[in-house]
Amino acid sequence: MIPLLSVSGLRVGFGRDPRANEVVRGISFDLADGETLAIVGESGSGKSVTALSINRLIDFSGGRITGGSMKLKRADGSLFDLTKASEPQMTGIRGAEIGMIFQEPMTSLNPVLTIGAQIEESFRLHRGLTGRQATSAAKDALDRVRIPDAARRLKYTPNQLSGGMLQRVMIAIALACNPRLLIADEPTTALDVTVQAQIMALLGELKRETGMSVIFITHDIGLVAGIADKVMVMQNGQAVEQGELNQLLDRPGHPYTRHLLRDVPHFANGRATRADGKRDENAGMNPALKVDGLVVRFPLKSNVFSRATGAVHAVDGIDFDLMPGETLAIVGESGSGKSTTAKAVLGLVRSTRGSFSIETNSAARSARPVQMVFQNPYASLNPRLTIESILAEPVIATGGRVDAGTKAAMASLLERVGLPANSLQRYPHEFSGGQRQRLCIARALMLNPSVVVLDEAVSALDVSVQAKVLELLVDLQREFGLAYLFISHDMAVVERIAHRIAVIYAGQIVEIGKAASVLSQPRHSYTKKLIAAVPTIDRRRERFELDTRQMPSLVRPQGFEPAPARWEAFGEDHMVRVEG
Amino acid sequence: MNYLLRRLATFPLVLLGVSVLVFVAIRMVPGDSITAMLGTEAGLLTPAQRDALAAYFGIDQPWFVQYWRWIGGILRGNFGISVTYGRPVLDVVLERFPLTLELAVLSMIIALAVGMPAGIYAATHSEKPSDLGVRVIAMIGQSTPSFVLGLLIIYTLSAGFGVLPAMGEFAPLWQDPLRNLSQLILPAVTLGFAFAASVTRIARSAMLDVLSDDYVRTARSKGASARSVIWRHALPNALIPVVTLSGIEFGYLLGGAVIVEQIYALPGLGRMVLDAILQRDYALVQGSVLFIAFNFMIVNLLVDLAYVALDPRIRLGEQ
Amino acid sequence: MINLTGRLLSGITLAAMLGIATVSSQAATLHMAWSQDATGLDPHKQTAFSSLRLLELIYEPLVRVDASLRIVPAIATSWEFSKDGKELTFKLDPKAKFQDGAAVTSADVKASFERILDEKTGAAARANFLSIAGIDTPDAATVVFHLSQPDAPILTAMSDVNAAIVPAAEIKAGSIGTKAVGSGPFKLDKWDPNAKEVLSANKDWAGGPTGVDGIEISVLPDEAAILAAMRTKQVDFALLNDPLVATLVPKEASLQLNRVPVLAYHVLQLNPSRKPMTELKVRQAISCAIDRQEVLDTASLGEGKVTGPLTIPALATDPSQLFCYKRDVEKAKALMKEAGLADGFSATVIGATGEPPTAAAEAQVIQSQLAEIGIKLDIKMMELNVYVDAWLKGDFDMAIALNGGRADPYTMYNRYWTKAGNLQKVANYIDDTLDSEMQKGRAETDPEKRKAIFTAFEKHLAEMSPWIWLYTSYSYTAQQKNISGFVPTPTGTLFSLSKVTIQ
Amino acid sequence: MRILRAIFGHGSGRIGGCIVAVYLLLAILGLLGLTPHNPITQYRIDRLHAPSAAYWMGTDLFGRDVASRLMAGIGQSFTVAFFSVAFATLAGTVLGLAAAWLGRRWDGVVMRIMDVLLAFPAILLALLIVTVAGPGTWTSVIAIGIVYTPIFTRVVRGPALSLKAREFVDAARTFGSSSSYIVTRHLLLNLVAPLTVQVTLALAWALLTEAGLSFLGLGTQPPAASLGLMLSDSRNLMETAPWLMIFPGLAIMISILGFNLLGDALRDVLDPKTRRAPA
């Protein structure tokens, strides 16, 4: 049987001399009708360029196809080489025969047009529908992606919808004209884990309904286990291995595939937690950080003249303690208040109520015992300062002088975090993301802190880099006896580093306890849902449940106080907030 | 709505600042209404004559009394009497305003009608010779002083072709639209040339930015044609900087275009203010500057409202 | 863009496109343009050149001066001084009527002069009429002025529109300055300051019918634009200030340039109260170092005449007779040396921007000429009012000025060079000879004797060099060649527009 | 150095850079008096001489060499442009940083004052300043500087506000860095790029504004030359001696062209967005 799409020897280059600057270097694969191909790779592997080459959008990003062919079987059965298509021919194919969804739903929809108009456009372009017909088709399309209240939502502009909703809209647009091929380029990477599960479930259902073929691009090999028929692993512009899903996952042939499967954090339901740092080893010591009844509220005013009418309860009564040498992970989805908690601990946002006590367990500790590593290694280093100035800043800030001793400390820290010794005179942009995050860690350690707050510190990194940074963090923790407050939404990462886990939902901790216990036996309904949504290599072809529940509003009337929490204990060190 | 009220609430504050600034500044300039009227002959006046004239011009009181009276009058809707025109300031200003407004609107129409297509064309032909051509013309436009362009136009038309729009007797739009347009088209072109050049450059760079945005890629992935991508998807998103620029330019033009009004002998606000300064017509200077400042603020407000209309993401009043 | 248009369209289509081709053919209306507008309508208070030119068409004084500066009748048909020169009697024209229809009577004359003399009015010309002790009106057509001393120049002073006769009723109503009701050849129908004036012929004018039905004056602030408007026949008649523009007019076949030397004079005012100009030798050195002809040639393209202090043709002395009117740098250097300033000195010269248009150019030529004898001049150009303020306070080392002339030398100069002169502070130079010559000239009525007195005055003034008189320029009017009947005069008046016709 | 090399690697940057460099050279020569003739010496027998071997660009009304005056004028105009823009940059940066960093009430106060200045007609503001202080080079500098201060304040305040919210500023706060350290190292250093672009554009505007002031008789005082003054002095001699308008006119045009090209290049070179590699 003739495959729907047959790519052979595809080469794509950029710049003035595309041949000398190839990013995709000879990719071949076949995709049958109704089949799902997952292309897995890290950034720079050429996976997205491959995807964009198929519908020739790469032409608009400065790319040029320098070789190979891409034969598409058209609706009438004829074969058509996409590499030779003219732009007018491609406008007829895009949307009609090849649909595409992108990574960032927030930026991929036109901000100034209503979503209705954007969906209708597809019908207008390929079905010739106009006016009421187009509107009603658009409504059907929204219904199809399970958006409730579709008729009203047609009039919304993208900023009025959440990321998950927008990705559904994107899917509705891509599938509006029932293309036979859907290209999904990291469609869930920017989304929360429960939302990701919803989108994956939706894609699965739609695929079954329509029988289309899908090319699914991702960096998360765990995610494809649930959806793909075939997997292609890419590295440096080449396919290092491709094959049937089970075969590739169970018997990986190429070392890189093995690396992706083994060395990279995958969620294992609490089986991969750390064995060191038992709490009782530290019995009798004071906690490095103790947080009592932390409350952060942002007043809401309806206008300048009036008093506050309500408040956003971003953090609503959080208590925990953190022992030296221990990692407490705070997990939750965006908007849950986990980052606000971190910032309150650092004093970056003013807490409305609550107390912190910070213990320093060594006489030599500095005046700033709590330090932070931020999520985005690109944004947290001033691009205009040399590494030396960046590392010197904490010293200067605490009244120190940059002398030979400081320089020696910088050099040894750089070496310790695995950066070349000549880094001091260089600028941040000369380093990769992982290296920058190492720099941030080194900077945080310049002041000999006892507590380091890691706010999504590895989330922006490539998976294999993630693993290495996590290793470094564990090593440093052992070496310096650091206490980590590790804030993350990524269960797989949390599993690798946390001793204890606090699950936070709507500004409150709902479950806290030993990592293995919380991850393997979640008690709170939210924790259960969260853990169920995490993709794993183990759960292949599992169907996700569709669920459109959203986080409750955090806006409360003036003077509102939450009811005091009641806790229930499960075994040693595992507490769950009583629901209802 | 709230935002609108809040913005309007800052108006009196800013206008108060403007009023103090103009009041003090115009009085700090040496010379007064008397020397403005009599010139060197003012030296022939006896002290009693001087006092009588000072009382006539209302400049016999201390500054703060004059200021207090002036502000008090404004609060009652009385902007004072212009000594040059012998009429209420507001009447004089409002009589000049339609021309200034019309000229500003015409120049903006020319600027947008020429600048937008040119900018879009340049952006979609980026780094090609045609793009370069458009950019060079735009830069020439931006670098030609308006008096040079104005004088060249007048000279070329009158000496070269023996034609010139009717100068001096200005016909308001509602009396004789054809004559009015014939009088305003050249000044509008003179002003619009530089304005169009700025619009071209801003439109070009905004379009270039927008064309690399994700949603443009989305539109292409739907199979939208190049034209539809440009006009339907990219353009509305590229309008914000153009609106910002046009708003600022338009605001300035509403203050009158002194040089162009002078060359083309148009009775607009700019020349009126300049003449009022030269003739030390204090009430008129003060009143018209307040008026101009008020218009400028209104235009700024409209620009902000236009942002909201153009881009649903923008929420006014959020910092 | 211009060239492209030129290639695509002929001038005519372009004209049609712009809707211009139909230039008004109402032959009876004279379209006039000037660059500076009148600043007010009160004939007793306005002193600006344009204001006077406008008001002369609307108001009439008792008498007028003609092109050769002789006194001729206006409202008064005849006049005579008493033997002792202390009584001046006028007979009024019985046909004279104000534009509201009322006859001009002796009561109006009396009220007008009383208004000028009243300090509350603030009339600048009051200084010229201080010798008036009383006014009698024996009948409606006769006015008798009683003078406190013989005052020959008073008659010339009365020819000025600043001594115009206004209706007694309007004075009483306090509407002078807001409403223009005169007895002159034209009525002011509309005035839009700094934009335009519309005048219509006064059918009842005692001087007979006017040549045109009306005059429309447009303010075109840029003189190059005035010339452009004349080229395209939009403007029939224009007043020009800038010689750079005026000299372009004769190059146009259809245009005619009228020029007449005027009484006003370009002058470099020294401030003799400031060192080192306190020294006669220094002032004389400056006078000798300046090449007046070169200043004229450069700043005004030679459009004018080098002049001494007296600019009235009948009284003026040939400049070559005056002290150092031929440039003599060696003498200047010698004088500087004698004054102990062989190395020169530094001073600042002030000027008004655009008033006259040649001011900056004159200052620059003088700067360059004085540099040759070691005087370093700094030029400071100022906005007119700022300049006037400094000028009136005498707050300058040197000033470039264009001072107005009068048909009578006493009226013209008593303000500066008599001990009681109002502008003595500006001139800052007290000289017994000058004062006594002025007083003699004031009382003398015999023209020959007056001429001798003022010649002596002029020579002395030039030699003392408190100011360096430079040149008189021309008053320019430009007109289409189908306009006839305009007579330019040294006072600059446009009164003869009343008899101008359009073919 | 890196930036200079980048500019020369940029097409329009190379042209713009060359133009500006040539002008700077001419300006320096003009200011040092190294001109073919003395720019204020009046060769009065050669008045209004058309361009010739002796006078490359002809002579003016006074017989002064136009080419020499052009060089001196470029020196003068560039002096006014540079100092006024320097003034506006300095004042605008200080005010904009203060408004952004201090926030709340200070932000309100500073921005309202800037609103007053912005709402005040610009040419009028310059006119009043010049009439109050009397015309002259430094008054023009102050006048143009004050007119552009609100623009620079806005240019600085916006990015400063967003920089203030960046993570590296948060990071600095966690170490307890002082306000002055954060403002200078983290805010100001990162504002250099937008400021540089704004400065080149403002230089072009300042040249034009100086020409406009001279047209109204409020700019440079004679006999000194500035491009604007030469141009406005030439207007009534346009027919008699067209070279008096052509050369200064071209000089202004080309210099502004140079600044604009350089500004465009700087924007490309300094803007991280255009440096971003294709994904």
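Think of it as A, B, C and D in the order they're written, each chain with its own count starting at 1.
FYI, a residue touches a chain if its C-beta (ideal position, glycine included) is under 8 Å from a C-beta of that chain, and two chains touch if they have at least 3 such contacts.
Quantities reported herein were computed from a predicted structural model and do not represent experimental measurements.
By the document's definition of touch, common neighbours of subunit A and subunit B comprise D. In this assembly, the chain whose C-alpha centre lies farthest from subunit C is A.
Across the two candidate interfaces, C-D and B-D, the one carrying more C-beta contacts is B-D. With centres set at the average Cα position, the gap from subunit C to subunit D is 43 Å.
A straight line joining the Cα centres of subunit B and subunit D is 22 Å long.
Between the CA-based centres of subunit A and subunit D the separation comes to 47 Å, rounded to the whole angstrom.
Put simply, the C-alpha centre of subunit B and that of subunit C have 38 angstrom between them. Multi-chain contact residues of subunit C, defined as those touching 2 or more other chains: 224, 383, 386.
Residue positions of subunit B touching 2 or more other chains: 29, 151, 155, 159. Annotation for subunit A: residues touching 2 or more other chains are 61.
All chain pairs that count as touching, in label order, are A-B, A-D, B-C, B-D, C-D. Those residues of subunit C that touch subunit D in the shared complex are 223-224, 242, 244-245, 247-248, 294, 297-299, 353-354, 360-361, 363-365, 367-368, 379-383, 386. The touching residues of subunit B, counted against subunit C in their complex, run 29-32, 34-46, 48-50, 52-53, 56, 84-86, 151-170, 178-179, 181-182, 185-186, 193, 262-265, 267, 271-272, 275, 278-280.
Residue ranges on subunit D touching subunit A, taken from their complex, read 166-168, 170-178, 181, 185-186, 189-190, 192, 272, 278-279. Within the complex formed with subunit D, the subunit B residues making contact are 10, 13-15, 17-18, 21-22, 25-26, 28-29, 135-136, 139-140, 142-148, 151, 155, 159, 209, 252, 255-256, 258-259, 270, 273-274, 277, 289, 292-294, 296-297, 319. Subunit B contributes residues 2, 5-6, 9, 211-226, 228, 232-233, 236-237, 310-313 to its touches with subunit A in the complex.
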